[in-house]
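One structure, as structure tokens, below. Some questions next.
Order of writing sets the labels: A, B, C and D. Residues in every chain begin at 1.
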Amino acid sequence: MNACIAAVVRRSEVRGLKSVGILRGFEGLVGGSAMQLDAHSVSGIAGRGGTILETSRDGSLKARLEVGALGRMFAAVGIDALIVLGGGGSISAARGISDAGLPVIAVPCTIDNDIAGTDYTIGFDSACNRVIAAANDIADTAESLGGRIFLIETLGGESGHIAISSAYAIGADAVLVPEIKPDLPVLCGRLKAEMDAGKTYVVIVVAEGAGPAPNLIEPIAELVGRRVRVTALGHAQRGGPPTYWDRKMARAFGERAVDLLIDGECDAMTALAGGVLTETPMSVPVSTKKPLDEKTYELINTGAKLKAGG
Amino acid sequence: MNACIAAVVRRSEVRGLKSVGILRGFEGLVGGSAMQLDAHSVSGIAGRGGTILETSRDGSLKARLEVGALGRMFAAVGIDALIVLGGGGSISAARGISDAGLPVIAVPCTIDNDIAGTDYTIGFDSACNRVIAAANDIADTAESLGGRIFLIETLGGESGHIAISSAYAIGADAVLVPEIKPDLPVLCGRLKAEMDAGKTYVVIVVAEGAGPAPNLIEPIAELVGRRVRVTALGHAQRGGPPTYWDRKMARAFGERAVDLLIDGECDAMTALAGGVLTETPMSVPVSTKKPLDEKTYELINTGAKLKAGG
Amino acid sequence: MNACIAAVVRRSEVRGLKSVGILRGFEGLVGGSAMQLDAHSVSGIAGRGGTILETSRDGSLKARLEVGALGRMFAAVGIDALIVLGGGGSISAARGISDAGLPVIAVPCTIDNDIAGTDYTIGFDSACNRVIAAANDIADTAESLGGRIFLIETLGGESGHIAISSAYAIGADAVLVPEIKPDLPVLCGRLKAEMDAGKTYVVIVVAEGAGPAPNLIEPIAELVGRRVRVTALGHAQRGGPPTYWDRKMARAFGERAVDLLIDGECDAMTALAGGVLTETPMSVPVSTKKPLDEKTYELINTGAKLKAGG
Amino acid sequence: MNACIAAVVRRSEVRGLKSVGILRGFEGLVGGSAMQLDAHSVSGIAGRGGTILETSRDGSLKARLEVGALGRMFAAVGIDALIVLGGGGSISAARGISDAGLPVIAVPCTIDNDIAGTDYTIGFDSACNRVIAAANDIADTAESLGGRIFLIETLGGESGHIAISSAYAIGADAVLVPEIKPDLPVLCGRLKAEMDAGKTYVVIVVAEGAGPAPNLIEPIAELVGRRVRVTALGHAQRGGPPTYWDRKMARAFGERAVDLLIDGECDAMTALAGGVLTETPMSVPVSTKKPLDEKTYELINTGAKLKAGG
């Protein structure tokens, strides 16, 4: 997010606007808590995880924003228009502000990549790279230990996008997501057969919402007949310096958001679609659920490595 | 490349084919040096930098492949079709094999991302992330040291794609590429003005072909009137474990290559176009030069942070 | 371990000896499974996690080594003397071989640093750095989320050395180890008081043997009255490239082991003592339990940050 | 340094003292520029590279501190005693303050590890790990490219400690340091012989003061008859999150410094000696030059891998 904040502030300066950072999201908007931002104050932040503006600790605020009071809030923190960085809840709240007639642009920022209307949300690439790193570390010694099952639990809340995408990239043997109830006996039967046939170890990516992974240790160990070890990325998956792809997208989305406001747009979300930087009406992410990549889910979970795939 | 090799081997097994790895590229093809590959032999390699098949040390071989002898070579290493992983030179050689009537699919593998017909070549994301890492490390202490100019020299041979893309992502103050002759006095004049106005430090990304960076120390130091320090990534930029994006694309390209061969394609290069996995005739990369992203080059080098941008 | 293997092989060559690598530890010794090693075969392995020689999958073998048969095993794999790389179990088995009159040197290799007679065991620094990385990632966003408790579960088996050392380095608010039963109500009472007084988040390092961490979520959440999140490093903590300190010690221990054998030592373990490279009779690690650093444990767990320390 | 600042502040609180951070080193002391520090203000900084207190940009200030004015400066920033974090120059200046009768404790903080009286200076482990990372990245593809010479240029100013220590750890084939003039023809003769005998690539670590590495490309390429590539870590070597070892030592030194002041010490530097945390009179680092590890230098540069070593 810091990289996106920096991009917004710098682009605003270039285009002759001033930037104010609202602290702790909608909490700061309600409470009038804000800070002036300029190129100097955002210098060096782009490479840091987290956000200098902090995040709201009171999620319910988003829902309780009173339309009538919004104009006064804008005046209180001294702004004419708002750029909202956040996930589904924040974008819904942004929509509410837009409905009240105030100019607002949303930038999809969530590691979960679960926002409809855009192929990408800022943070996703960094989060997936954490799964890659864990998989690499496990691979270093897994082969020689032999005969084990490794569960990697990712974040992702109630969505399985991170889990499926990263499971595909690392060539995981299975992936469990909250959206699809797995047939554990069938899945474990396949893994057992593969291990009996000589496969030395197996990696299963478990989305947060399909876990917690420790609860899966016993059933899987019993069904496959091998020891199960868990690596749970937990909150650590949110941190760390953003990757090239995230910094590129953060800058592109941030600059686009400023340009959209200047061009008079007041109800759009920046988006990546078909590899192209664009925008979409906020109604799309608010009213639509992003479909899961079920084809890749199937590819991974039907053991495409041993059976004929599509 | 290892991740792509693993994907090819696994997909081949799934689809009922056997894989043979040709060692040291065309050198191995000429010399009949090859190894059987199966799921077991590629286990655990995907997360490692470099390639288990090594690379040719005799670049001239690509040009000297005799059409007449190619059929015998295929027979010698026991193959019916070839998947070539490599950059421009390798793809040209692959084209030659295809012209000789032998089935061959190319997979664009080069950190330089300088192959026409595809938006992406395997290795590029990992290479750009090395620039991000260097920029982060420099930023940690650059602010407090103050008043310095940091040059980051990237690889990229005679192309500036890595330099421009990573310079954009890190918000570099300037970028120098071999394709465009910079007006150093004008550029340095702008940087001097920015530093005189309070900017504490400046980062310039220098593509290999626009360097070597050490030669730029003196002229830039003189024109801007500040100390210049160089970080040259050198050969280290080629190594390290591949990123999420590279592993995802390596798997996608590798599987696609196998599927294309089975579908009877024999003269294509796997490609990413508009965010979609596809293929392109090999004539495209062979006969076309990929255009540089001049718009981004301009955005970075005209000091868009201080002046009104487009 | 790879770095140590490389050092042994290279030093042996320098001193005119040949090296044979026994595969899968004592399993390979019993089964006569070995490979010739020279400078070429160990080229490039030192920076890789894991071990090219793999590890034994049958722990019981160590205990069942028959003294009578040992001489025949040495002959079978063609060796005159043995260098054993491993933890407590392996060193005990090495002692058995030494008791049988065969020359053997032990090198303490375990991430747990729980071997008496040496201040250091190879792998410990790399393992502790994984805790640092997780703590950094958590810190990136923990502050802004606020009011949470983060558990980081480390490896370490039944020993708490990794947990205490890394908890000290990251300034954790508490550490739980298997050797000492914590007074959870007292501990949580202190953490609650600190959080009520404004501390935004709390980090507790949990050694494997004091966990599993997920079992601690409920009691801690209840006692402190805040949400608890777990990051479990799991098997990933064993992998990854070794650090500077581990590579330095691996080389120093490996070279020392060869020199000791040549000097006629046949019952020693390489050791670090008071910052000095040395050796100790194998009876020390076999018969002594390494004491826990209880002083540091107390420093961390008595909330030294708020109360007057020693 | 941040980790050490945090340790000082926390320990001070525990022991009932208040902390003030002097900004930009002696520059802030002279100018009266300081900030109040407490546990809250140092929360989360320990894992970040660089220093929140910034560093002096005017090195000459250290030498120009007027003894008479020091008492007034202490009063101006509101302090009774001073803890100085820095390298040789800073410790000399600290000595001057001590000579003026004011209580001051020095903590050796420099990546160069060139301070007499202590085996360790904060930052050294992190800096050496950067060399390891570069060496790993180079190793990934060096083998397959074949026949090349890789120079890794480290920082270290006029001292070769980083270069020798990291060259030892990575098993470099040679190391060049400013303290010892190399016999390049002899050195290159050995490397040529090794490469002619089958060694596929060679790594030479070049200390900053023995470089710049680019100037060595031509002579080495000519003498060995192979291509030479440079990786120059440059300023990036100073940044990045501190390692386990650095954070442990930063905490230990920081806490020790506070304890020493409270115990009435007023002219000491914290030190590590023989693996033990201790202190030394400031006269030691000020008047003594730390000896280079010439034995290790010889071990590396006499090609110990091929010839019989000591």
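Definition applied: a contact is a pair of C-beta atoms (placed from the backbone, for glycine too) under 8 Å apart; a residue touches a chain by one contact, two chains touch by 3 or more.
What you see is a predicted model, and the numbers here were worked out from it, not measured in a lab.
Common neighbours of subunit C and subunit D under the contact rule above are absent.
The chain with its C-alpha centre at the largest distance from the centre of subunit D is A. Subunit A and subunit C have CA centres that are 35 Å apart. Averaged C-alpha coordinates give centres for subunit B and subunit C that are 39 Å from one another.
Put simply, the C-alpha centre of subunit A and that of subunit B have 27 angstrom between them. For subunit D, residues that reach two or more other chains under the stated contact definition are 133, 136, 139, 142-143. Which chains touch which is summed up as A-B, A-C, B-D, C-D. Put simply, subunit C touches subunit D in their complex at residues 6-7, 10-11, 13-16, 39-40, 43-44, 46-47, 119, 125, 128-129, 131-133, 135-136, 139, 142-143, 165-166, 168-171, 198-200, 241-245, 247-248, 251, 272-276, 304-309.
On subunit B, the positions that touch subunit D within their shared complex are 24, 48-51, 54-55, 57, 130, 133-134, 136-148, 150, 152-153, 212, 214, 229-240.
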